[in-house]
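The same subunit A turns up in both complexes below, where it pairs with subunit B and then with subunit C.
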Partner chain A sequence: MGYEHIILFAGPVGAGKTTAISTLSEIPVVSTEAINTDFSISNKATTTVAMDYGQISLEEGHLIRLYGVPGQERFDFVWKLFQERAAGLVLLLDESAKEPLTDLDFFLDRFAGVLNHGVAVVGITRSELSSSKSLSACCTRLQQRRLKVPVFEVDARDREQMVVLLTALVSMVQMRETQLEAD
Partner chain B sequence: MPAKKHSKVFQALCQESLRQLVTETAGVENACLVSGDGVEISAVLGENVSPGRIAAMTSSMHALGAAITRELKMKECRSVIVDGDAGSIIMVRLPVAQPELVLAVTCGHRATVGGALFAARQHARYISEKLSETT
Partner chain C sequence: MSMSPLAPTARFGIEAPARAAAAAPHQHALAGALARLASDRHRYAHVRVRIADVGTLELDFNEQSFRYDFDRNQLPRCMHSQRYVLTAILAHHHTPAGDTHRVGRLCDLFWIAGLASATDLPVPPDTPLKLVQWPNFPQLPHKIEHIQLCGMLSAQPMSLREIEEHSAFDSQRVRSFVHAAMVAGFLERCSETEALFAPAPRALPKRGLLSRLLDRLGLLN
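Up next is the complex of A and B:
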C-alpha cells in the first residue's frame, strides 16, 4: 500500500528551498513569491512569503508532499503551522553565507518541533561559491547536539542529487514509523 | 526593520489615509499598509497588535489568495477576506503599485464587511495614486 508523507523544506533566505522543490516536483509548483524589498537580509529579486508546494511520487506510487517555508524570521508563524504536520525536515544551508553554523543552530532550534516527532537531513548548497568546510563542521555540530542527522552537499538545481537526499529522508521516516509501531 | 524606504511625504500621506480609514469607517479598528514581502510601511493599530506580525501575516495570506486565484485562472487577486467569529480581516492589493503593496483592515462586529471593503478599496486606490505622484 502506498504511503503519503509531508516533507518540510526550511533554511535561511537564498539557501535554495524554492529551487529544490521546483527541481523535485512532478506537478507545477504552487508558489507565493513576492518582490523582495528587505535588502537587509538578502539581495534576491523575489522571496517566498507563505509557502511553496510540490509533489513527487517515489517508488510504488508513494506520494511525498513537499512544502517550502519562507526563510525570514518574521514568517515564523508559518514555520509553526507546518511543523506539526511534517514527518521530515530538509534543512538547507547556504555554505557561502556568513555563518552557516549559526544558521544551522538557529534553524535546528526553531524547527525542534519536527525533530521531536520526525527526522531530518541537512543539505549544504552553494559549496562551489565557498572555500569553507561546512560539511565536516556541520557533522561535528550535529554530533555535539546528539542529533542523528545526515548531511549532504547538494546542488538544489540537480534533480538526481535532490532525489538522493529526499529518498534518504523518506527512508528514515519509514524506519522511524516502523520502530514506533514495534514499540 | 531596514527595508526599501518610501519618501517621508508618501509615508505621512499613508499614515493620514489609514487614520481616516480607521476613524471614519464604522467598526474599522486597525489598518496596516505592508509590502508584498511582509514589511510594514504604515500602520494605525490598537494596543497589543504587533505591526511586524500583522505585516508578515498579511503578505502570506494575500500571496495564498493570489496563488489560488492563479490556479483557478481568475487573473489577479484583488482582495482576501478572513471571516472570524468576532470580526473580519480584509486585505486589499493596491492597484498598480510595484513592488506590490497590500492594505490590511480589521473590523469588529459593528462593521459590515461590504462597507469596510468599500472603504479599504477607496483608500487603496487613493494611496496608489499618490504613490505614482510621489515617485
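Up next is the complex of A and C:
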C-alpha cells in the first residue's frame, strides 16, 4: 500500500503556479481556469478560481499530488483546506511584481500551517532580466524569520529547473518524515 | 600566466615565482585562485579578473556581487583557465563596470569555483557544519547528490565525518560538495552552542520518497 504526498503550489496571481504544475505533472492538469475579471491584480486573460491538480506516480503505489491554489485572497478558504494534509509548500513569487518581499511575507504567514509540520521552497519566477536581487533579498528575509527555506530562480516552463525545485523539496520532506518517525 | 593570490596593498598582485612553482597544477587555474580569494574575502573590496580569450570579471566584495562581460555559460569552463590576470583595485581607483556587464551573486561564482578547484578542506572532520543557504541549484552547475546532501543538512548540522557516514556517497563526492559549499559560504562552522542543541544526525533513507522520485524521473545515481 502506497502513500500520498501532497505538495501545495501557492503564490500571487500570475506567478506561474498552473504552469509549474503542468510542467511537472504526468497527467494533463485538471484546472479550474476562469476568465479574469480583476485586472487590478493581474492582466492575465484567465486565472485559477478553485485549484489545479497534477500528479506524479511512483513505484509501490506512492503518489505525489500537486495542488495549485488560487492566488487571490478571496479564495483563502481553499488555502486552509489543504494545509493540514500538505507535506510541502512550493511558494512561487513573481520577480517582476511591485513588491515580491511583501508577497513572500504574506504567503508565509497565510501558509504557516504547512511550515508547522512540513517544509517549503521558494521559487522566484520571471527573473530573466534580474541581477538576483530578489533572490538575495528573499534569502535575507527568510533568515530574519529563522526559516530554513531554499530559494531558487526558476522558469516555471522549464522542466529541468522545476524538477530541481521539486527534488529539493522532496529531499526535505523525506528528512522531516525521518525525524518525525524517530521522535 | 596566472597571478595569485593578491598582494594585500598592491594594485597588481603577482604571485612569488617560488611559491607558484611549488603549487600543484590545479592551483594555477582560475578556480583555485577564486577559492583562495573567497577564503580571504574581507581583505579586498574590488578585484578585476581578465581571462584570456573570454572576458573580464569584476568582483565587488562590498556588494557581494560580480559583473562579467561574456556569456554566463562560459563560467564553468573558464574556471580551468590558467591564462588570467587578477588585479586588486584600491577603493579610490575603482570605477564601476559599465551597464553592458551582467551581474551575479558572488556566492554563485564561488560555488562554481569551489566545484572546479581542489578539495582542500579547511575544517577538521569532526567540526559540525550548518547549511546557511541552499545554492541556487536551477541556475548553477550541480549534481543530484548535492541536492540530497543539502536536504540532509537542512535537518541538522553535521560534521564531515557524519556526512560521509550517513550519506550513501563516497568520501570524494562528499568532500567536493563540502568544499564548494564552504567556499561559497553556503556551509559554515557551527558555534559550540548550536552544536550542543543540534538534533542527532539522521541518515538518508536508502529507499525513501526521494529515491522513488529520482527513480521515476530517471535521475537515480
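What to note about this one:
Simple rule for what comes next: the second predicted complex is superposed on the first by the 170 of 183 C-alpha atoms of A that agree within 3 Å, B and C clash if a C-alpha of one lies under 4 Å from a C-alpha of the other, contacts with A are read in each partner's own complex, and residues count from 1 in each chain.
The rule is simple: a residue touches a chain if its C-beta (ideal position, glycine included) is under 8 Å from a C-beta of that chain, and two chains touch if they have at least 3 such contacts.
Because the structure is predicted, anything quoted here is derived from the model rather than measured.
Overlaying the two complexes via subunit A leaves subunit B and subunit C side by side, clear of any clash. Using the contact criterion defined above for the overlaid structures, shared-chain residue A:Cys139 touches subunit C, although it does not reach subunit B.
Of the two partner chains placed around the shared chain by superposition, subunit B is the only one that A:Val78 touches, whereas subunit C remains out of contact. Of the two partner chains, subunit B is the only one touched by A:Thr32; subunit C is not. In the superposition on chain A, contact is made by A:Phe152 with subunit C only, not with subunit B.
By the touch criterion defined above, A:Ala182 lies against subunit C but remains apart from subunit B after alignment on the C-alpha atoms of chain A. In the superposition on chain A, A:Thr47 makes contact with subunit B only, not with subunit C.
Of all C-alpha pairs linking subunit B and subunit C after the chain A fit, the shortest spans 26 Å. Interface of subunit A with subunit B (complex): residues 30-40, 47, 49-51, 70, 72, 74-75, 77-78. Of all the residues in subunit A, the ones that touch subunit C in their complex are 5, 56-60, 62, 64, 119, 131-132, 135-136, 139, 143, 148, 150-154, 158, 160-161, 163-168, 170-179, 182.
Residue ranges of subunit B in contact with subunit A, taken from their complex: 1-4, 35-39, 52-53, 55-57, 59-61, 63-64, 66-67, 71, 98-100.
Against subunit A, in their complex, subunit C makes its touches with residues 64-65, 102-105, 108, 131-134, 136-139, 142, 144, 147-148, 150-152, 154-155, 199-200, 202-205, 208-210, 212-217, 219.
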